[in-house]
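Look at the two complexes coming up: chain A is in both, with chain B in one and chain C in the other.
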Partner chain A sequence: MSAPNCLRCLVRPSAGIPSSTAPRTAAHAAARTAAPLAPLAPLAPLVPRSAPFSTTAANARPKKEAQGKDSSKGHVRAGKRLTLGKFKKDRVAEKGRPPAPGERKAYRKRITLSNDNAIAVPWLTDLSPTDLADPANIAKVLALPDEVQDQLRASEAFKPTQCWGMFRKPAVLVRKETVDVMSRMQASVAKRQTLRLALTGDKVSGKSMTLLQAMTHAFLNNWIVIHLPEAQELTTACTEYAPVPGTEPAQYMQPVYVLKLIQAIKRANEKVLAKTYTVSAHPELPQNIPANTPLLALANVAKEPDAAWPVFQALWSELTAQGANRPPILFSLDGLAHVMKVSDYRSPAFELIHAHDLALIRLFADALGGGVQFPAGGAVLAATSRSNAPRAPSMELALAQREAEQAARQKGDVSKDGSKAGVPQRDPFFRGYDDRVEAVLRSVQVLRLGGIDKLEARALMEYWAASGMLRATVDEKTVSEKWTLAGNGVLGEMERATLLTARV
Partner chain B sequence: MASPANLLRLCARPTRRLQSLRAATVQKSALRRTLTTTQWRPAAARDTDDNTKEAAEEFDQVFSNPGEFLRSYLRDDKITDEERQLASRMLEDWKNVPPNTQRQFNQLTDNINTSVAPLRRPVMAKRDSFWNSEEVDTDLITDEIGEDDFEEDDMMSFGHAKLEEHREFREYARLAVWEMPLLSKLAKPFQPPVDGEVLRFRYTTYMGEFHPADRKVVVEFSPVDIPGLSEAQQLKLKKLAGSRYNPEKDIIKMSCERFEHQAQNKRYLGDLVEKMVATAKDPTDMFEDVPLDTRHHKFKQQIKFPKEWYLTEERKKELLAQRKQALLLDEQKRTEGAMIDGVQTIQHALLNAKPVEEAVTVARGRPIRGRR
Partner chain C sequence: MVFIFGVNFNEQKLVKKALESFYALGPQTSARILAKYCIHPRAKMGTLPPKTLTALTAELSTMTIEGDARRIVQDNIKRLRDMGTYRGRRHAMGLPARGQRTKNQVETAKKLNRVERRG
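Entry: the complex of A and B
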């Protein structure tokens, strides 16, 4: 087989370019003159300088100047170079000072309790100590006194998601459940007992707000209030922890959080703590506390996280000292599901620590389970959260069981076997139950919060309209409309339907 | 060679008393192919049967006219006297036939033999042929040439299809009118199951067609219906049934398609139920430590329109009263002046608001004194 082309020169057999038009380089000309009889020389002029057709883009062709220049400097780069940020170069944005660390979060989490632009409601009165437990006040909006505002703020009872910043003065709606809880608290204090109650209900149905009202009631009646505002801060492994020496199985304290808590307690309950005195000496603390010292002084001992837990223990033992003259105590926690599960902390053996092995939570769980007797009575309240809640099947089950038992008791099914019928039972094939949690919740009362009725809704909407936040006549029609829109008067949904719409 | 016509010809061969065909058979056996799709048959000539041997001997001669045949026949010693008489009489008759007619007969026989000869000629397979491609296919009825040409003398095929469809309709219509009513004679009245019949079987038929699922049998029963079971035994039966138990309907449902026939499957299921009931009655282990597992079942909540939501006359009256009450409340508030209007409140507040003092610009630093 013979090749169609000459293999020695690999000349492409494309004819058509006469030798005169074909560009000749000096080298070619030299070759011709020097060796005219060389076999390749006659072919050289026939070599086409450009192919008859090409797939290369026209603008990718090397430029004439580049051709003319000496190309020994380096290879000529053809084509378009990639230039990034061609037009951005000379534009320098005015950035200013970037926010300091934590500033954005502080802005996000800030709590505004008053708004000078809002219209003052003329008929708004401050709460008096007995107001919240008075059934006559149902469906009334009452304002929080200034002093209580400070106390509530100190114990972090207000939440950034609540709409305090829309009104001139923080005020709360007294609903039936409020009066129910407060009267239960009063009754238990009258009997020197401890009310143990879990508040549950749908999302934005006012669980935290009822907790706030309970705290308000406690502050107004000179109780001591210990409030754990966010249970998740204790169990999501975001605060320091250390084993409590001499505990078997090991318990863990959270010194930084406890220090913060002691300071909050101190600020919120200053007056009451100043009037309450220790019954025993506490020489083990960094600062010697003899007997008959105000509890405020004891609380003041905690200056460093190292001493926080012993001080808190001393404070707790003083507060629960039997036979002493003590005010009633309210111990409350928001976000119950977080403390009714295994926490995110790990032991030195890298095993997950149960939330009830964290000393502070164990204290609360004991109190909620009925293991602690307050000398002058009091209340242990826990509110569940529905939007930020990890799965706690045991808690859900226990609450449902308590609720069903309460309902059966109210109906009058006193028979023990009969009451078992409607009570939900454990799923025998589910593993995630927690005996410790169920033991704690075995005897608590459960209050389910639902929607408010129309009378309460009307009172609330009148307050909104009088504050200038609702541009409508508050008549039955409007109230019904918003009440229905809010899923039969779910409080948060009413706010969303009425206050938080941008319709003006 | 495997075509039906050739086969037929070969089968018919023993009855023909023709030498050429016989020769063809012999030659054929010699030329057997190495590969054939035709069913194998034993060679007829090799048979040791007496009759076939005789027939083979008879084949050895070809007779051009009856005279020759009769003469040859008379030469045979085995024939009886009556046959001999008959044959000689017939020979006499043949001899009396005029010679012209005899010649004509001979000629006719020759003609037939010559004209049929090509048919009888053995088909020799060509040595170089590729799968006998040049062989003529003799069993074609037509020559297939110009068959599909439309001669403008018929309906189009669509028309024929339509007619066919119409015929089919009519056929089924006839069936429906004449034969289907006769089925009602076969109908049996429904007998509800009596107390003892606790098993409910389900079979599947595909109307006589074969189907892999037609052997399947399903049995359903409720543990409560099984006679002689205490509550604990019923519970054990449910636990034994496992995921076949439907807690919502309280029914155990089992199926079997393990065996080839429906009856076998049904027998198996019946035995199985009996075995289960016997096990449930066995008191050695009552499975008290095992809870009844219902994870396989998804409980469906039956959502019904709430009774309280029905707009009965009473409810309408109640609603009307509520609305009247609401209107009265509004009216009362309005007369008292306690009705709160958000817009009015805002306007009132804006009117009564103290005017904010206008900001005064103050120059920064010391005031400039006139110094030049």
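Entry: the complex of A and C
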């Protein structure tokens, strides 16, 4: 909760700080002596002397005079005072109950989606199934419907670093890239194909948010969504693993994580799964599942981590069963670099396990590489991360190559010669490349997210202003100012420049 | 509470730390034991299935740890003493064996250099 006035100077923001008092008082005095009745207003400087913003806020601020230091008194000689019990330890203040295990983390990771103190935006409308793919909605802010909020929350699409808690209702900005991704998804489903796309871009440019929008689109259109919210949870050796029996070379399942994933899938896709039926029987599971059972019942079989992986495999085989009546599927992952490297797990022979030997990640990598056909089409989306990403030189190279190829194709360059100057090549003196990673990323599409344009920025800032989070007139000047401060409209930087500054 | 190799551990204790609490079992060995039984490095004792616990106990019982490892050290010191070497005598006297000064700072030697060395 922020204070209504600036705590540093105790001036209300609307009051307007008088500019340069000293010269004005001198001018006042001169004016008074010369012509006492002369109006004072024209003497105020008409042209602002400085830019409306400063990039060095803390340093450029004029230093206040030191307060509380009374120089007239000088040194105070108090003499030596008798202090009784000075060798006793200070009493430790009563601290109360320490937080229970996991409580601090839960507090740190909590996700607040609404704020009753924020002003409700009257013109905000809920998203309808076709809204995100409609080019007419570019540069509009639209709200997430309540049901979809629950589904997104169940699949952990929201992140604690995003500013949902500042507004009355979670809403998203529809940008050009959003419509681009959604229309690609729709086109692939219309052709019963799978869109395989990697989202990349600078820090805080909205990669995870685009993923969230894709999931919203999928939920609204009754797709089945499988989302791996943090790839690092799978590869940094912090969840249980065990070899899958009968695999050569050995693959490893992660039973506890998969159990959590199945439960998330179940909660997020409950309605669709209840209407989708199995095509084959699954006698190998702990509870016999005959054919023509709802997939929800199949997902419910996973109660213990031991049974989680077989159930997930059964679920996956049902979802990808060819010729069956299946909804489209969205399989998404955030933090691609973590799954494109050697993981921190070790095999019984004490060798590091490649991330693609972890069964769940292999599933995703296969899907991303084009090895899986969804019966009704769908999409496999992966978002890279810039703030939390290990070095994955092969991934970076492959994405850069795909991007260069796409650019060449758009220009109409039809020659497929890989040794062209435009397409980056492997550094011959570097050994850290990974063939398996490059094989997976050989045919993905890459979408680079950059800054938003000023129209979108304006729509966003109008929404912020309507929610009471931005206390300024949204005009061309403010928009360009924030847009410029945010490195030409990098979305997260705009938030930082506008919403997350302490100056209210 | 979880038993491994006759020792009771808290369920919240890291398996890695629990293994390293045994004498003569350090980070290298514990990492290898964890990998051998597919236990991730951040696993807590409470999450291990009973099968793994018995396997760990069996594994530890084949290794030279705790009493066996201590006895090797003690035997080595005893051998030095029986031969009448300088190092053996210094151990018997509880003094530094490798030429350190004895004017002060001999607490470590007093603590460790004994014929029946503790650890």
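Heads up, the rule we're going with is that the second predicted complex is superposed on the first by the 413 of 504 C-alpha atoms of A that agree within 3 Å, B and C clash if a C-alpha of one lies under 4 Å from a C-alpha of the other, contacts with A are read in each partner's own complex, and residues count from 1 in each chain.
Definition applied: a residue touches a chain if its C-beta (ideal position, glycine included) is under 8 Å from a C-beta of that chain, and two chains touch if they have at least 3 such contacts.
Note that this is a predicted model, so its numbers are computed, not measured.
Of the two partner chains placed by superposition, A:E103 touches none, neither chain B nor chain C.
Shared-chain residue A:A465: touches chain B; no touch with chain C.
When both complexes are overlaid on chain A, the residue A:E284 reaches neither chain B nor chain C. Once chain A of one complex is fitted onto chain A of the other, the partner contacts of A:P348 are limited to chain C, with no touch recorded for chain B. Of the two partner chains, chain C is the only one touched by A:Y241; chain B is not. Contacts of A:E304 after superposition: neither chain B nor chain C is touched. Common to the chain B and chain C interfaces on chain A is no residue.
Against chain A, in their complex, chain C makes its touches with residues 12, 31-32, 34-38, 40-43, 47. Chain B contributes residues 291, 293, 295, 323, 326-327, 329-330, 333, 339-343, 345-346, 349 to its touches with chain A in the complex.
Touching chain C in their complex are the following residues of chain A: 101, 237-243, 252, 344-350. Of all the residues in chain A, the ones that touch chain B in their complex are 119, 428-429, 462, 464-466, 468-477, 480.
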